[in-house]
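The two complexes that follow have subunit A in common; it is paired with subunit B in the first and with subunit C in the second.
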Partner chain A sequence: MDNVKKSIISLEALSNYIVLFAFAAIVVIFSVTTDNFLSLENLYNVVANKVVLLAIVSLGMTIVIAAGGIDLSVGVSVDISGLTFFSLLAAGYSAVLGVGAGLVAALLVGLFNAFLINKLKIDAFLATLGVLFIGSSVQRLATNGGTPITLTTEEYSPIFRAISDSQLFGLPSPVWILVGCSIAVYLLLHKMVFGRFVAVLGAKPGVALYSGVRVPRELSKVFVYCALLCGIAGILLSSQVKSYIPLSGDAFLLDAIGATFIGTALTKDRRPTVIGTLMGVFLLAIMRNGLLLIGWNFFWQQVGIGVLVFVVLALSFGLRRREE
Partner chain B sequence: MSGVTGPAAANSSMNRRALAALFVRLGAFAAIGIILLYFAIYARGFTSSYNLQNVVEQSVILTMLAYGMTVVFIGTGTDVQQGGVDLSVAANAGLAGAVFVTLLNLGLPEPLAILAAIFSGMAMGLLNGIAVVLFRIIPLLATLAVMNIATGLELTITGNNVVGASSEFLTMLQFGRFLGISALAWVLIVFTIFVTILVHYSPFGVRLYAVGGFPEAARAAGLNVGFNIYFSYIFSGLCAGIAAVLIVSRLSASTLGTGLHLLPVLAAALLGTVFSRRFVPTIGGTLIASLFVGFLANGFQLLGISSYWVSGVQGALILLVVALTSFAKPAEGG
Partner chain C sequence: MSDVAIDMRGISKQFGPVKALDNVDLQVRKGSIHGLVGANGAGKSTIIKVLAGIYKHDSGNVCVGDKTLDVIAPASIEKDGVHFIHQDRLLVPTATVAEAVFLNNEPRRGFLLDIKRMRKEASDLIKKHFNLDIDANALIRDLSAAQQKIVQITRALACNARVLVLDEPTAALVAAEVSSLFRVLRALRDENIAIIFISHYMQEIMEICDDVTILRNGRNAGNVVASDSSIEEIVSLMVNRDTSEMYPRREARIDEPVLELKDASRTGHFEGVNLTLHKGEVLGLTGLLGSGDKQLLKCIFGLDQPDSGTIALNGGAVKFKAPGEAVDAGIAMIPEDRRAHGVAVDLSVSDNISIASTARHAIRGFVNKIFEAKLVDGLIEELGVKTPDRFLPVKNLSGGNQQKVVVAKWLSCDSSVYLLDDPTVAVDVGAKVEIYNLMNRLAGEGKAILFVSSDLEETVEMCDRILVIYRGKIVGEYKRGEINSDRLLAVASGGAPSGLREVS
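Our next item is the complex of A and B:
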């Protein structure tokens, strides 16, 4: 009897480390099978180019998922911010104004979500789905059906270099922006009263309601924070590729959801955390990078990532619930 | 509104809510009626039988996929994070289409290729079921992973190319007519009747609603919850498989981007809940919603309004409808 109990406990404990095991396994496999996977240059490349943007969007998604919602409109915030930024630059306004207006535009998307959820009492999933549809129309109308805005002339390159190519203490500035965002979200979720509201909303919405938490109001705030983070990602994305490509932000949506939920496998009670989400993003990025290095094409990478996510989740959820 | 209801209803919030619900439902029907009427009057050719058939044919694929999503909603609940949703249904259809076309081009007999396509859809559905029931992964996430796998496999099989295919059967599906109605429309009609009987007029359907509505109660009543969830996902896979064959027949090829149907499918299935008395997913509601989405796009086209507006109007419509229903729905104590 005692024996059985012990083995179940160890299985359950094991399930909390699945992400770490997967991480270790991936690193070992790829460093053996490729020459330069573990090289500093490659890791730098992965972090600077692949991790930062997805990580910032995923941090926003983490706040929303922690509160029990899903934000399907992250791509809209990313794109609207880039669109505003580039439109103002092209119209001859200063970069500071452009960045500020881009962030405000993303904030407006979040406020619109908040209005729908708080005032019109629309379910968050549906509200953000509606915003996703509207956002795609807005972008098509603004760009004449989806023509990218490209600003490659000399005039603009110092601005973009300053935003995405500059370095601070040996690391690219987007990485520092990510660090800043991570700390902010960590403080928000784990050190502030608002974070407690978010946690109870996510774990037991009924309890939150009866404990006097103004549920729609607190829930709607979550979407404003998320939109702001997406706005930052939008500015970084557009300055990195030096053009605004309509609807390009939608690519983040599913990866951000995936990364956040992979991160939940790290904690005992399967709650989203900042560290977990960053791990999730990094796991997806190094997996993709490793598959690329061993020569899998983009199609097989897609399959590989899907299988990885599936297996990690199956192990983490499957092992844990056995014990019930 | 309370003036109309009179004193009898005023003392009971239940009655008032039922009335509000009725109002919303009638309002939704009225809104659709008015929009269609507007198109009929102002959009030239909107009511021609050719155009109407064309819209129905265009909506067949969306409707088939939305049926799959609806059955998943019915069998596993509409709560987004914990309940069921099948994000993989559209990507699944893409994969099934690729399987179908590839096998056909390899010279396999057509019935076998069709069976293989449907089987591929159902296999992906089974994978969803295993992930949700056996591994207890949150459906949103499980189907997301399966969606990635399906998209990746589709890309691998087709090499990111449009793969053409033609056969007598496909031509028949595309151009065939019977009693003045096109073959695609017939497929939709027959399948709709089949699903309606299964979901709304069989003991099986009652159990499906019970499991999706309140799993704990269903389990306590002795229902096999796991089986019903497996069924929902496999059925969704079946819909994807059939839709795949229809897509190939319409386009004479398997093309990428079938996965992009996901959001319209979600919207149609969710919008469809407005047309039921208790705002639950129903087959009829989904049919109305997806046909309406088709008519909307078509009407815009005929009126000469830029297609860039279509998704925005759809989004605004979703928000409007859901905002209205949220006032009529009972408060959630969850």
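Our next item is the complex of A and C:
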């Protein structure tokens, strides 16, 4: 009897830390099999270029998934923000105005989602899927079928350069923006009343309604916050690549969903959290980077990521089910 | 061949520190209907889940017929002839009757389904066992609750069930459906099928069961032959409490009016309703299913809006567009469907209690955790919620304690009007008494209670005043003691016997 019990406890502990184990295992494997995986230069590259943007989008996705929804239009918010930003820069407006307008554009995407869900009573999945389709068309129409918007080097203003090229205390400014966003979402979800409402909406929307929670208002906030975070990511993305490339935000969608769900494997009650999502993002990023360094080509990388998702989620949920 | 269909002996099951079953025996004879009763948490569902193979028992023996089962798997127990009809109807709403009856047991021709045979046999089986004509092509969602139960039972019979386990089979049924279900069960008993019947309704247990096993706190509390026993005896074995304490009394101190409805109507649900609810009063609102009573509560709570008429709270007219506005005005709702609307079972006791009031105590949008801890701990103690601490997920509490969490939620925001929508449905006797005590206590503190219940006896016993609603209209008003449950039923059913005071 006692033996059985002990093994169950260790299984439970294992299932809660599976993401950490996977993390450690991947770091060890890639450190041994490649020369420069653990080098500062490479880690800097991973964090600055791969992690930040996906992490910011995933934080937005975390809010939505925690509230029991899904946002398939994150890529649209990213792109619309970048499109607005770069269109204004190209037309000669200041970077500050461009950033403001880009964020407002993303906010409008969030409000449109909220309108579809609250007023037209469309399911979040279908509403945001529709916005995803419309967003693709809007971008193609606005760019003559998908021509990138670029600036000449002379057109770069100091503020524009500062967005992605400056450093603070030895770290690139996007990393600090991510830190800021993470803290903000952490406070929202885990310290504020809004987070309580999100948790109840995610667990049982009916209880939220019958407890007097203004469900439409809170859902609107959920989708607007997500869109705003995506808008920030969109401005960072176009600043990094020094151009607006239509539909480039779509690449974040599945990774953001994946990172959020991998993150839920970290918590005991399988709920999305800020820490979990950040872990999920890092896991995906170092996996990609490591596979690249050991020489897998892009097509095989996706296989590696797929297997990673299976392993983490299967182990985590499988162990848990056994325990029950 | 023995005549025992199910023989469970010395079953024990422990969850962490909690002994859910302690050396429990359950023997069920072939061709008998065996009642299984006990308060919530007594171990009824645990022992059934052991039999179903959902839980693995720590010790003890399970025999089905002459066969000892060492390992029970949910997938194989049906092959041993034991079928479970669960409380929530586990049928696919968009399947047809024929598909539901032969689910997982489909007749085939080669590798194709033999749909024609499926339809014919489904109709034949229903006709044979129940003498009923149900269209085999009808969709499950179009059937009544009783018909759905019958489809489930038919499915078990199609698989040659020797033992049927029915968990609260009558919970969603109206009286006429219950009696037709009982006819079916008696017919099955005569075919030598053993039936385990789990119910909170003691009258039903007495009416239908041959033997009754009573569980209390995970142990056997007694076995009785129903015809030699009484409800009082069984209930006292269940709760160790005299039934005369079932409906606790209180001195009513009825104060000024709080909630007034004038000529309120909502098309298709109720019309011309006048109602006044006073401080310290328990006002019963009773009617048959679909009489408009529940819709009326929804309108008061802002889930719906009346088409015409006025609702006044403390003298001022109100129009709630959403429940949030009603809550802010001090209205509390204890919903009928606790698991869908009352508590989020995956969240903690604390999160559930504080959800309605957390915004009021927040500091610039941040949860005031110190205040909240004090508030929640205070309410847990005040209401006697049985939980080790406020962080336990609500799903680990019994039904009665979950209901206390709902009440605590409203006490935390100091609500003054309580709308109770069948708060005692599907809870055990012990929990019912606790809910009655809570009602009395709220009324004693000057809260106003509007109590909708489908249980006429509790309505008669608990309410200071009773309004009867029939087809959306108030057809009678009675003070405490002016009416008994039989006459109340007559009025609620639309018959208005003479000699009663009627409201014009």
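Note that in this section the second predicted complex is superposed on the first by the 318 of 324 C-alpha atoms of A that agree within 3 Å, B and C clash if a C-alpha of one lies under 4 Å from a C-alpha of the other, contacts with A are read in each partner's own complex, and residues count from 1 in each chain.
Assume a contact is a pair of C-beta atoms (placed from the backbone, for glycine too) under 8 Å apart; a residue touches a chain by one contact, two chains touch by 3 or more.
Only a predicted model underlies this, so the values are computations on that prediction, with no experimental measurement involved.
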One more residue to check, A:Gly212. First (subunit B), second (subunit C), both or neither? second
Looking only at subunit A, is it subunit B or subunit C that touches more of its residues? B
After superposition on the shared chain, which partner residues are touched by A:Leu313: those of subunit B (first), subunit C (second), both, or neither? first
In the overlaid three-chain picture, which partner chain does A:Arg196 touch, first (subunit B) or second (subunit C), both, or neither? second
Is A:Asp269 in contact with subunit B, with subunit C, with both, or with neither (first, second, both, neither)? second
Quick check for you: in the superposed arrangement, does A:Leu126 touch first (subunit B), second (subunit C), both or neither? first
Once the structures are superposed on A, label A:Gly92 by its partner contacts, choosing first (subunit B), second (subunit C), both or neither. neither
Using the superposition on chain A described above, determine whether A:Gly295 touches subunit B (first), subunit C (second), both, or neither. neither
Across the two complexes, what residues of subunit A are contacted by subunit B and by subunit C? 206, 209
Touching residues (chain side subunit C, partner subunit A) in the complex: 58, 303, 322-324, 326-328, 333, 335, 337, 340-347, 351-352, 354-356, 358-359, 362, 365-367, 393, 409
Subunit C-touching residues of subunit A, taken from the complex the two chains share: 1, 187, 191-197, 199-200, 203-204, 206-214, 269
Give every residue of subunit A touching subunit B within the complex, in rising order. 65, 68-70, 116, 120-127, 129-138, 140-141, 145, 205-206, 209, 254, 257-258, 261, 298-307, 309-310, 313-314, 317-318, 321
Subunit B residues within the subunit A interface of the complex: 80-81, 131, 134-138, 140-142, 144-153, 155-156, 159-160, 263, 266-267, 270, 306, 308-316, 318-319, 322-323, 326-327, 333-334
